[in-house]
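Presented sequentially are two complexes of chain A, the first with chain B as partner and the second with chain C.
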Partner chain A sequence: MSAYIASLVSVIGINMILALGLNIISGFCGQVSLGHAAFYGIGAYTAAYLCKLGVPLPLTLLAGTIMAGAIGIVVGLTSLRVRDDFLAVTTMGIGFVFLGFVRKQKWLGGELGISGIPGSGLDPVVYAGLILLFAAAVIVFSLWLKRSWMGFTFDAVADDEDAARTVGVNVSTYKLTAFGIGTALAGLAGGLYIYFARIILPDTFDFVQSIAILTMVVIGGTGSVWGVVAATIGLTLLPEVSRAAADYRLLIFGAMLMLVMRFSPGGLAGLATMLKRRKAAPKEVP
Partner chain B sequence: MLFVELIVKGLVYGCMYAMMAVGLTLVYGLLRILHIAHAGVFALGAYMVVTVANATGSLAAGFLVALVVSALAGMAIYRLAYQPILGHPPFVPMVVSIGLFIVMQEAFRMIFGAYGIAFDTNPWYVATISPGGITFNYVEIAMVIASVVLLLGFGLFAGLTRAGIAWRATVTDPQMATSFGVDPVRVRYLNFMFGSALAGIAGGLVGLLNNYVEPTMGGLVSYKALAIIVLGGLGSVRGTLIASLILGVVESFGTIYLADVFDRDAIGFLFLIVVLMVRPQGLLGRK
Partner chain C sequence: MTVLARIDDLHISFGGVAAANGVSFTVNQGEFLAVIGPNGAGKTTALRMVAGLLKPDSGRIFLGDRDVTGLPAYARVRLGLGFTHQIVRPFYSFTTIENVMLAAGHYQTGSPWRALTSRSRDAARKRAHAILERIGLAGQAEKSPRALPLGQRKRLEVARAIALDPKLLLLDEPLAGLSSAEATTMADLIRTLPGEGITVVLVEHNLGEVLRVADRLVVLDAGKVLAEGVPAEVMKRADVRQAYTGVV
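Here is the complex of A and B:
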């Protein structure tokens, strides 16, 4: 595996953890979030700050994960007060508050971010493998979560919050849990990112990044684990495959968002189900 | 003195936010769509003003073109992007709107270049007056006048004319309005036409104010406008106007007193989050 492939695999792994994290919040539990990149940033800044103090890798990752998850739960509290469109704008606001805060903090490097982060001490190829291992664990976890009791309850909350409350589901707890898990995963991705990039800039975690993560989830099919995995791989590789796609990356993302929502709001996963049904249909007709 | 100056300058910005936010509120009130692509219309207006003004030397011609083009663009956005997906849950149109905004922003980058365009001559930018010791340039004055005239005009239109009454009826109860013979599709076109024209004018004025027009200029303003319409209680025009002015003032104080902790753009959202925690339905929204 060359260094190029290793870096590509690392980026795919990190994006996958980010997208699957958002998928738990928006896909499983139905809570819109337009500020996922902020938690990615919180994880990255926490890990980078500790790393520069000499804290070893496993602890920085853990700290980044916990920090993002804890702040995620606090942000999740807003979802108890506001819903749908209000929540979308609020979570978007959290992204700007995070950026606005980080940019003004001298101890976090201000506009210049944190540079000169020591490496992981692992060979880039081995480190890419480690990221992939984490991504695989997140896939397995998502698949398990989806079929667990908690997954069903998330479904109920996503489908009809008031009905879920009526049948005795503690909606608040589940929403906070979804926010906690999803944002903690974003924090983990942030921690993994710093040893790969060795430098972090505030702008890496801006609104465009949040939208890029959302794009992966939406195009894959909100709530579908394999759909999101496929979309993440596809959308990450797209700019690498062709020069034109790299130049017009955002244009392609935007156009895909519009077209997918227009013709298949369920994303790739929805499309797959539709094709399967269409294939199965002739048998049902006598 | 600083105190008064901060309030006044804040209100000037508030007027600009109001022009932007009213269009968003109109769309939300009628269709329940978070119209993020409004930012694209704002930038489109600015580009029309700067290219026409640079080509002909006449700012008035620039604003006239901006008015017409952004109104048409708004109607086209409704027809092509939103109309086909009206029945879907709110998440779908929101994502479409984000996608459309990205496409528009990238299109501006390709057509007009990534580095932005400055005005060849910008007489309003350099001319200033100082009533009561506070210095304004003419662009700021124009911004206040334009927003007051246009919004007042809209208020009269909505209150007094037949079309305005049909519009209000449709916002209040689309089904009832339809059964009384109001064509809801025409109301929607009217809605997008007016809201987008406002955004286009606001874009042109902001372009003059910065003396610079760039592809991403709509982004921050429209994110703040989204915060404003939520703050005002989604769909409430009066709430939106009040929230715009409040946000302008809060920002102008925040940039002085919170400068070491947060940047300007974060302050508005911080304020929004605090307000929503206390009043989840917004300032003037109903539960």
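Here is the complex of A and C:
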């Protein structure tokens, strides 16, 4: 595997962890979040800071994951008070608060971020394999969660919170759990990212990044694990396949979001289900 | 007779208008109690306060000896309280049987950790199927609630509440919107519940069916209890007839 392929695989793996984390919050539990990149950044900054202090890789990843998950639960508390578009605006604000904070902190490098991050000590190809291993574990975890009683309960919360309460569901706890798991995964992705990029800049975790992650979830089909995996691979590779696609990345992502919302709100997963049903339906005899 | 629930001096106001103004009554174990009254009497409000879906301004609610006034709705469900909504609220993204399964397996969802580590839905499916069969919805098990007519959706709401294994079941107008035949079938169905150890509190406008199935009546008017007792005696009272029908 060449260094270029290893780098592509690394980015795909990191994006997959990010998108599947958001899928747990928005797809499984139905809570809108437009600030996912902030938790990616929290994981990255935590891991980078500790890494520069000489803390070993496993502990930096763990710290980034826990820090992002813990702050995610605090942010999730807002979801107990507001819903839908109000929650969207609130989570978007979290992203801006994060960026505004790190840009002004000299000990976090301010506008220049953190550079000179030590490497993982692994060959880039091996490190790409490690990222893929984490991504595969997150896929397995997502599939397990979806089929578990937790997934069943998340579906109920996403469908009708008040009805869920009358069947004995502690809606607040489940919402916070979704935020905790999803944001912890974003923190893990942030930790993995720093050993890959070796430098972090505040802008890497801006609102556009949050929208890019959301695009992967929506185009894949909110709530579908395999749909999100497919969309993440496709959308990460798209700028690599064509130079024009790289230049017009935002334009293309925006247009794709609009087209999906108009023609296939269930994303790729919804499209696949529809085609399967059409194929299975008995053909009319003229 | 054992008192299963005690509702003590409940008050609640919305924008200065008192919807409950000192509502007090008891529910005896194993009985079929109906709460009746004219529109705006505060019946649904009282029921929603008992269920934990509305917080009273003052007053206490006891389930057995336990004061549950400060407990949220889900915690009251775990103590054995079931509730059906006046306007049916099935989970539309679930099939009919899945709606009942979630309630039948509610012990799996008590903590997120238990929910995450539990996968098998076989026991819940089996129990949900038995309840649907009993309630006459087995044939609709795999259909979306959207495909069910109102009468069947109302039955689904009751099936979901029964699946919670409640000691006390609060039914908010389960006969509303049903045809006469459907209402009779539904009333016959819920009449059997006290025989299975489920105490029923029914809020209902269909007086004919209420008088046919209830053991005891509580009449509310203007947010207060006007009368309570055996249906035949309560309905003889002039003040009840005036409040309920407007005719002396």
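Points to keep in mind about this one:
The definition used in the following text is that the second predicted complex is superposed on the first by the 282 of 286 C-alpha atoms of A that agree within 3 Å, B and C clash if a C-alpha of one lies under 4 Å from a C-alpha of the other, contacts with A are read in each partner's own complex, and residues count from 1 in each chain.
The definition used in the following text is that contacts are C-beta pairs under 8 Å (C-beta built on N, C-alpha and C of every residue); 3 or more make two chains touch, one makes a residue touch a chain.
In this text, all values refer to a predicted model and were calculated from it rather than measured experimentally.
Residue contacts after overlaying the shared chain place A:148 against chain C, while chain B stays out of touching range. By the document's definition of touching, neither partner reaches A:115: not chain B, not chain C.
Legend: residue contacts after superposition of the two complexes on their common chain; A:242 is shown touching neither chain B nor chain C. In the superposed model, A:96 lies in contact with chain B only, and not with chain C. Once the two structures are overlaid, the count of chain A residues touched is higher for B than for its counterpart among chain B and chain C. On chain A, the surface touched by chain B in one complex and the surface touched by chain C in the other have no residue in common.
Contact residues of chain C toward chain A in the complex are 51, 53, 72-75, 77-78, 82-83, 85, 89-94, 98, 101-103, 105-106, 108-112, 114-119, 121, 160-161, 164. On the chain A side of its complex with chain C, the touching residues are 144-145, 147-150, 152-153, 155-156, 158-160, 162-171, 173-174, 177. Interface residues of chain B facing chain A in the complex, by the touch rule stated above, are 28, 32, 34, 81, 84-85, 88, 90-96, 98-103, 105-107, 110, 219, 223, 226-227, 230, 234, 259-270, 272-273, 276-277, 280, 282. Against chain B, in their complex, chain A makes its touches with residues 32, 78, 81-82, 84-86, 88-90, 92-94, 96-97, 99-101, 103-104, 207, 211, 214, 218, 222, 248, 250-251, 253-258, 261-262, 265.
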